[in-house]
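These are the structures in question, set out in turn.
First chain A sits with chain B, and in the next complex the same chain sits with chain C.
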Partner chain A sequence: MSHKNIFNMHKSWWKILSVVLLVYTFTAGILMKVPRLPQLQETIRNLYFHVCMWFAMMILFIISVVHAIKYLRTNNLKNDICSREYASVGIIMGILGYATGAIWMSYTWADPNIPSVTFSLIAKEPKLIGAAIALLIYFAYLVLRDSIQDIDKRARVSAVYNIFAFAMLFPSIWILPRVLPSLHPGGSEGNPALDFKSADPRLRMVFYPAIAGWTLLAVWITTIKIRMRYIKDKSILNA
Partner chain B sequence: MKPLQNIWALFRKDLLLEIRQQYSFYGILLYIGSTIFVIYMAVDTPENRVWNGLFWVLQLFICINAVAKSFLQESRGRMLYFYSIVSPAEFVLSKLLFNSLLMLVMSLLSLLLFSLFLSNPVIKIFPFIGLVLLGSWSLSLVFTFLAAIAAKAQQNAAIMAILGFPIIIPQLILLMRLSRAVFSHLIAMPVNVIFLLIALDVMIIFLAVILFPFLWKD
Partner chain C sequence: MKKNLLALVTGLLLSLSIFAQNNPEQVEMADTMRSNGKIYVVIAVILTILAGLILYVVRIDRKLGKLEKNQ
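Up next, the complex of A and B:
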């Protein structure tokens, strides 16, 4: 069983690390001092949750594409299962990102007196459009998968779509913020979260561990789903 | 020069089929005509921004209908025959070439009809025609590859729409941005966005050539 080494995910140190980091995120993230900016005030703490969801989503989608490429190279159905499960958990992280963003938005950008107007203004955000495109692509990926009966064909066609769509998604995430006006910080020059200079050091002390913690948790959930799928499809995988 | 000859032969085959079986060509023409008539009934003289938006959405739907059949029309036996005589890259390039031509013709015709029915607020007419050609080329490339995927999944045009719409949104946004410049003398057309669109098109061609062989073998 040589695959045991590659897919060894039964017990690992990184699961403990994930729990430790998340406990730290919740305690330090809620108790530690944060810089008070006008309009944001204490809501800046949502940075440790909202932004981390998007990071986890993008990382899971990248892992999904890597598995799709691996599948096309090796024709190993296990890679196909990994690709699918990483995509579906990535979608869940994306939905959570929207949910946390909606809560944050309602305290900062939205005008409670005219909810419908502010919604149509905010929905035009380039980052929201980018996230919507990513989610729509992976929903379409799941629909495409389910529409094909033959297992090998399904794996191959969906891997091809996964790679093609992801290759188109990346330039669009890069392009959109540069051509559309934005409310998000650092709107016109890329990603403010990765800029080491602009974020306050007090925020960074919790923010980076939080990204790692949430991503590891998402990967953990996915590995459990993958193992369940392996057991369900045992007869096909061993054939 | 063998690959070029093969691509040319396959391209000519598609062209001849289109000329001999004219029903599909006229079918798309009728689709364009009736869609524009419906839009004309719904809004008679739209303002510039609405005109622009409606025009590009119309291009999107024309493209789905014009390109959808390109892989579905090949029967299983014929695909097997092509498989034995040409490489997958040659096959997909010939399809990309043919669909680009088809879509260029269709978009020019639709621009003509659109201007007849809904008036033409465009001031810089030649830059806009160039933009329409560039846009329809981008659309045809993306949807040709998606048609290949949809044909493998034995699905109709509906799955092409759900696969393609999220992917095409960025290019449509860029095209609509660019075409805002043609409605007034004051706004200049940003050249770097045009290069960006061309770069995206080149990337799609590369992806199609790399990924199509995996779709082809059964």
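Up next, the complex of A and C:
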């Protein structure tokens, strides 16, 4: 074990990088010039927060499935713990992405004069439905996991389920929303007012560092949860 | 005939003014907030919250490090 760094934190350089990138996101994300888009206006800055939640979720789910496959190859319970914690923090990022999206869309797509009509249109959004399906599948992962008592059986069943859950991400959040027409940008065809492609460079200056910063923060929280679990399950891991 | 032409020209001019409204400079942004510097208050607040959360995570990380050492 090496605890020889300035903050006495476990391997801290990328944690410091995460903090630096997040401070940059919060200041440059508010201060830097953004394209003046009708309908979106200043809310385009949500790109540095809302969209990054989804990126962090996807990256954490990818790490989770890699650990699930590793567990199936090696039967090492440490991989099982990693797989579970990455999935649960990924779910938290997904919930945050969903909640922030709900706030953003009510001020962008919804017409306050005819709420029943616009909200029912929004409810048909393929991106919302796809993301909801993906998150529910991962909720089921946690439920399934915690309902099995036997440690090895739990690890094996949940690793296999994790692979299926990951496979369901493809249709639900990567394919369907791109095939179906949508108000949400980033599909095959969007509302031209919501197309950020035309003014990309100014947004990218903050957007890419923001993705890295948020993802590193999520990974940091996950490693803390994993280390806690290692201490808790020490007797099982060493057996 | 002349009247029709006049109507056409007026129509074209009107459509021009509609195009002008799509001009990016016309989109309402929080320019006042930027010019009077109030935006820095917002940044101070969100940075304080970020600092608080990060310090909390750092503290947990360090405590856990000590716990691991004692194992």
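Please note the rule applied: the second predicted complex is superposed on the first by the 210 of 239 C-alpha atoms of A that agree within 3 Å, B and C clash if a C-alpha of one lies under 4 Å from a C-alpha of the other, contacts with A are read in each partner's own complex, and residues count from 1 in each chain.
Basically, contacts are C-beta pairs under 8 Å (C-beta built on N, C-alpha and C of every residue); 3 or more make two chains touch, one makes a residue touch a chain.
Just so you know, these numbers come straight off a predicted model, no measurement behind them.
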Query raised in the report: When the two structures are superposed on chain A, do chain B and chain C clash or fit side by side?
Result: fit
Query raised in the report: Regarding the shared-chain residue A:224, is it in contact with chain B (first), chain C (second), both, or neither?
Result: second
Query raised in the report: Does the superposition put A:143 against chain B (first), chain C (second), both, or neither?
Result: first
Report task. Using centres of C-alpha atoms, tell me the angle at chain A that chain B and chain C span after the overlay, to the nearest 10°. Result -> 130
Query raised in the report: Where does A:234 make contact in the superposed view: on chain B (first), on chain C (second), on both, or on neither?
Result: second
Requested in this report: Could you tell me if A:129 is touching chain B, chain C, both of them or neither one (first, second, both, neither)?
Outcome: first
**Report entry** First (chain B), second (chain C), both or neither touched by A:30
**Finding:** second
Report task. Considering only touches as defined above, state whether A:171 meets chain B (first), chain C (second), both or neither. Result -> first
Query raised in the report: Taking the superposition as given, does A:179 touch the first partner, chain B, the second, chain C, both, or neither?
Result: first
Query raised in the report: After the two structures are laid over each other on chain A, how near do the C-alpha atoms of chain B and chain C get, in Å?
Result: 33
Requested in this report: Spell out the part of chain A that touches chain C in their complex, as residue ranges.
Outcome: 1, 3, 7-10, 15, 19, 22-23, 26-27, 30-31, 35-38, 41-42, 217, 220-221, 224, 227-228, 231, 234
**Report entry** chain A-facing residues of chain C, complex
**Finding:** 22, 24-25, 27-30, 39, 42-43, 46-47, 50, 54, 57-58, 60-62, 64-65, 67-69, 71
Requested in this report: Enumerate the contact residues on chain B facing chain A in the complex.
Outcome: 142, 145, 149, 152-155, 159, 162-163, 165-167, 169-170, 173-174, 177, 193, 196, 200, 203-204, 207, 211, 214-215, 218
Report task. Can you check the complex and tell me which residues of chain A touch chain B? Result -> 72, 129, 132-134, 136-137, 139-140, 143-144, 147-148, 153, 156-157, 159-161, 163-165, 167-169, 171-172, 175-176, 179-180
